[in-house]
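So that you can tell them apart, the chains are marked A, B, C and D in the order they are listed, and the count of residues begins at 1 in each.
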């Protein structure tokens, strides 16, 4: 097993004297045999095998959990927690658990919340956090620390980390995959420097991060600068993406709450469609680069006639197109429900001259609203095809009613385990890593690897086949080829 | 008491032999003294008196409930139920209770659901309804009968009523108060003819109606034509307006469910606003001509900083304007939540050339989206006033997620009592009337009176004062006068 | 009108110089004509009339709302708020609104929460309340002030009021109608002394109260003692009874939330019953002396086959009994759902020797659990009648899951108006009164009157007839007479 | 890999000509490379390794999914679906998906629902199921097919299978681990005969099963008899245990919905406890042999002070006991919340003479109600320790309100994948197997293996340590040893 499997090593602080884990003294933990995790405890990345195929390279990740020796004297830790980017159910649970875990398990007493995302490092006062203060935070949606998007001053952030003496920083964040060109250059630098490996032995601190859209690139920059300055800071990232578009780990936190909440919107759309003559219910769900929420919500609801996602091209007119399909559905059932992920069909939406120029903060073309466009395209089509006949499109965009709720029980528990995994890892001296479940077991993954992956819906596997089977929606790809002369 | 109070008389069928109410034989009803309602049982329209003021004219309405004698032989009744206009929580409960009540209480066996609103009378097959079929309908949102808006062919409808022999029609509907000009002319004719009083003694049938926006004008036309043809049809209307904009009655069905559901949207807006730097949460709630939902949702939630309704003019710029208020709120609290009724500020939204031309099915200027406009006005203002500073507006339009849900327990019970009141009235021979609670007791009101009223928020009473006190929002009207040189 | 109607006068503080209402200066209120309420503004207690009957005596109550002149200098007010007895949705909203209203409307700054009910006056520290502290209380179930039942030391309470200088006390409470003998003696004294009328001109304070079961008798005693000591204390009571068993007012707060929550339990019972062979779902709902929750929950749900309430006797065996009815239902449908109010059938449940002796804190026989008894009676019956045949009773007692939730939107708004009415009344110098809606309008009612009434389900009116019609349950009373030889 | 890993082989029908999978022709599936699962596709049972330890034996299971060749001519399939035992969220979803999947994917047209559990095979008419009929079943709690417990006539069941020609039977069920002695003897026979391996080549049918508590022993008996008669019946079991006490698979369906619903009960208990003086909220959650629901609900809620489960002994009196702990909690916080799994403390509850004799249908001692016992033990303790002091225990048993709800989105999706896995397996000719996720991937597991396992909470692992850390509850086991002299 061992020889055929390569273990993904983690960057780590060095030069710090190891000390016994204070869990040893904790009356609630029994550090009996098997309780502590050692470097030889690993999680296999692959559990599905085709025994008839040639042997494939296999990977294993270090298992998350408490180590017998840690690298920090708890009383010397000063931890910083930041939340960046858009909202996601469970952010407050992650913050709460980081605070409670550091305090109760390791006896850390200096824990700071950085308000308002990255900029908060230099533009706002940090908030002292303790278990009493965060006691009920897991029952609130959003992030009590508040968050922000957009640009920031890197040097000021690292100045702040240095000045304030933060030696653990936890970010909850995710980079926005649409800010492509900027990311690319960052990743190249990133890979060139293999920065987490070359952490300087003189560094003597640690850092935690929590954040989201467009902000992981910030984490990377911060690491670089932290590294350049040879700071002794442990840095960890908890991926925050309600879209579930992060690779390697089983799923992202908040995702199941989002799927749950999406059911309400789909039900409403279904009722509106059923109550009308030739009624279409159209629901736009989150998912800029991936359609996981749309797919799961469709399979859970069963009221959906067609599910459109970014991973699958579709077209409106002609044989095998969306209009032909809807025409038939209205004829058969009198109504239809469409679910569209926000990233679907971006290339089909006509851009105005100004939209062709307008760029977002990262220099990319602005994102267009597929729901509004599809609604008007549907109306235009029907008016042209069936002038005078009744037709209704009810469009629902439940985005904020989905992402601003508190985490459900499943996600609350998940956030707890994520936060505790992160704490154990940082205290053990790991840095530049991400915590998350792999095949159901919590592991530590180099940030480098996570940043290079993307979890897309595989439109040629069974799950997507089943969506199509459930909805009976057209196979746009095959149909399209069929159209070609 | 009696002499000073004038009783609002109801149009009634005549020339039909009265027969004993079959409730007499029903084992579940004890027609003991006081059970049956007589014409001398009335409900006072006024309960609040200023004893120091001069005596005011007083009105009383006939109390709803079973009469000892009825005008139909149950086996000869053929009832039609129609739902028209937009959705409203509780429509299915009303339908269900009409069916179950006619069937169980009076032994009626021919009950038809007209699908798809008015047009369904002539363009679709009616559905035979019975208690078993409608058993679970009250747990579904929308209307199982389905509904529609827009034009219809009056003569075909009355032909259908005549041809199918419907002698009871129940409409659930309400006229859209923005379709002003058309309505006006209808109301005039309506008053001139006093049509419900001149019901011809030869008429031998009855009609039920259920419906909404823009459709009560249809009911009026149908009455006229039914009257002209001297049909013996009992017609009743159950006002269906989630906006609660109907006068005389205490409140409309579905309204309390809508207020309940609006809390979710306001909570989400509050979370989004709190989690951002200079965050505004903006929620648009239903209410084209009246702000009842916005007002009640604001008072129930307490997370709202400003509530804008059609009954109150507001302005954005300058001293005492909305922007000044928000500037201060953001400075004080870092975030703010706005609730805007869809009918607020219509006159302030700039119309494009095409919007100046575009008219809806009833010939009125199209209704503009105050939420979208306000969102962009807020962004423009901030960008101008605080260029480069963080600012976020999260806009939520929960309309369909509010109106497409099943009725809550309160509304379910209310719909039951509405439907039963309507049944007893029609069976007793009344026609052209509306059922509804007046000061907590169910009464019959001439359709003529209801059609002339509108229930607006009184911005000079205590409730609105308390909204302003809760939100501390500016007194736009006074301020505006203060601005005048 | 005026001469035929007698107005229910309120006890009032005297000897205090009147001063202008500070609302006059409040930018959010426009004390224009009609805004202030005068003593000539009244609410009629009766709106349903039988014009053919002889003229009946008529009553009117003073309308609630702000008075132009008040009896307290706001800076000299020291208000106490107490919650007593069992939980009820909305208690925290009432507390919150009392605090916010006193503070924002009248400028009162000394507002104390008495923790733990009556005993808290002398056994615990009062909590200083202010708008910031209570900001989110309306979103929490229960009472943040906490509550208790059982005995208390009257003299210590009044000592505490005197010592702490409370001059306004608001109780939220209701007396338990089963503590009969004690109550009776209290009521007699109460009536003999007509104590609220003989308020001494030397009294210079005010008191607020909030509470429930078994505690209004406490309020009465406190009034007596306050009166004996000639304290200048304004006292008001907000009836807190989720059972809706208080008379005169339209309904009690929390009741509609309770009916809403009861739907979940009935649905679960229905599912359990339907999923079994000969399945009975049995739900016990609150209501010791009245069956309002059971009745409303039954009418809202429609899944109930039989609804048993304290106002109606029932019997199990023999012709027309419950078992016969259930036998038929199981034969016809295979399952049945029973709703039983907790006070139903008390006299039928056999008492053990110890239960015949055991008395509660007030000296009454202990209350027995009708749900547990009925469940075992059903099993015993079936085993005897159909030995070996499948049969299942699933018993649900959702009491705490119903009463411990936050108020819904409807009740939140209601609690707000109750609290504000109370504040305006006390500030105007009224004492010994209750606030509440009468025919939809808020009024002040002498505590004496409210304490003498009880709102019972009228089993000979239409609403109960309709319950029976909906459920088809037997008419136990008639049947029982039929059985008599 | 292959050589070190032993594959768990499945019993299979034989002697049936293989035919092409009709999915080949299904427009919604692309049987491209990698779509079909072959016998060499396996799932590893172990993903966590200690590389430093000696090599352990490794197991792999056959991966679930469609096979290129199947063993049934779809038109000849007659499938039976049975649900047995107690309710669990998601049963209707499983039924629905079995029906829709067999119909849409494989073209099967004869699908029968057996009503009322096992007995339904011979005592009731089977129900013909089709996609239209089951369309909305996944939105209903319970099982539309209905279920039952208790004895049955094995021979009649197999007679019925034979007589009706069912050749696929799907059971949803689980055996009750407390019916120990009966189960033991069954398991022994089971192991001796290795019955699934010796399926006779002459057998020509298949069977599906769905069920629960105390019913898997039924499935085993049925297999035996089916085998003895050499019937050609494919049999599959979908484990139905809301307690999550089934081994090998990741979790059981309905479990996450149950944890979600348990939050409501814990919240209510928390509110009741907080609103009282020395208030205890006590919640009993499902879990006869395992405490998974209690554990997960505790970790998700955070309002729990102590969580008692069957896997951990506890004691009340003395040093380190529950009473001492609660005494301290009440002193510190004034209230406490207890969660107790129904199987906890069974051996501590005193049995009456009759309870010592009374045995359930399977011959075991009756199960006692730990919640009722604990409530009275708490009251007795306080009365003895603190006579006269206020103390309240509010006991909530939300069992039926938790298990009778529809599945949430997560469980709905899970049930879908379970059902589809089962269908593919049976159609491919496997029998005597269970479908379920192993390390996140769906596999087929021999029924024999599943029946021998039990998924218990490991009280020496990190998750339980974290529960103790969250609650700070005593370590009863260590404390107890500490007490021994």
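Rule of thumb we're sticking to: a contact is a pair of C-beta atoms (placed from the backbone, for glycine too) under 8 Å apart; a residue touches a chain by one contact, two chains touch by 3 or more.
Keep in mind the model is a prediction, meaning the values are calculated, not measured.
Asks: By CA centroid distance, what chain is farthest from subunit C?
Replies: A
Asks: Which integer distance in Å separates the CA centroid of subunit B from that of subunit D?
Replies: 49
Asks: For subunit C and subunit D, what's the span in angstrom between their mean Cα positions?
Replies: A distance of 44 Å separates the two centres.
Asks: Line, ring, star, complete or other: which one describes how these chains touch?
Replies: Looks like a ring, each chain touching just two neighbours.
Asks: Touching pairs of chains, all of them, please.
Replies: Applying the touch criterion to every chain pair yields A-B, A-D, B-C, C-D.
Asks: Using the touch definition from the top, list the residues of subunit A that touch subunit D in their complex.
Replies: Going through subunit A, the ones touching subunit D are 1-2, 4, 7, 26-30, 32, 34-35, 38, 40-44, 47-53, 55, 60, 63, 65-66, 100, 104-105, 135, 138, 250, 256, 259-260, 262-263, 296-297, 299-302, 408-410, 412-413, 416, 420, 438-441, 460-462, 465-466, 468-469, 472, 475, 478.
Asks: Would you mind writing out the residues of subunit B in touch with subunit A in their complex?
Replies: For this pair, the touching residues of subunit B are 87, 116-117, 119, 140-144, 146-148, 150, 264-265, 267-269, 271-272, 274-277, 279, 334, 390, 394, 396-398, 400-401, 404-405.
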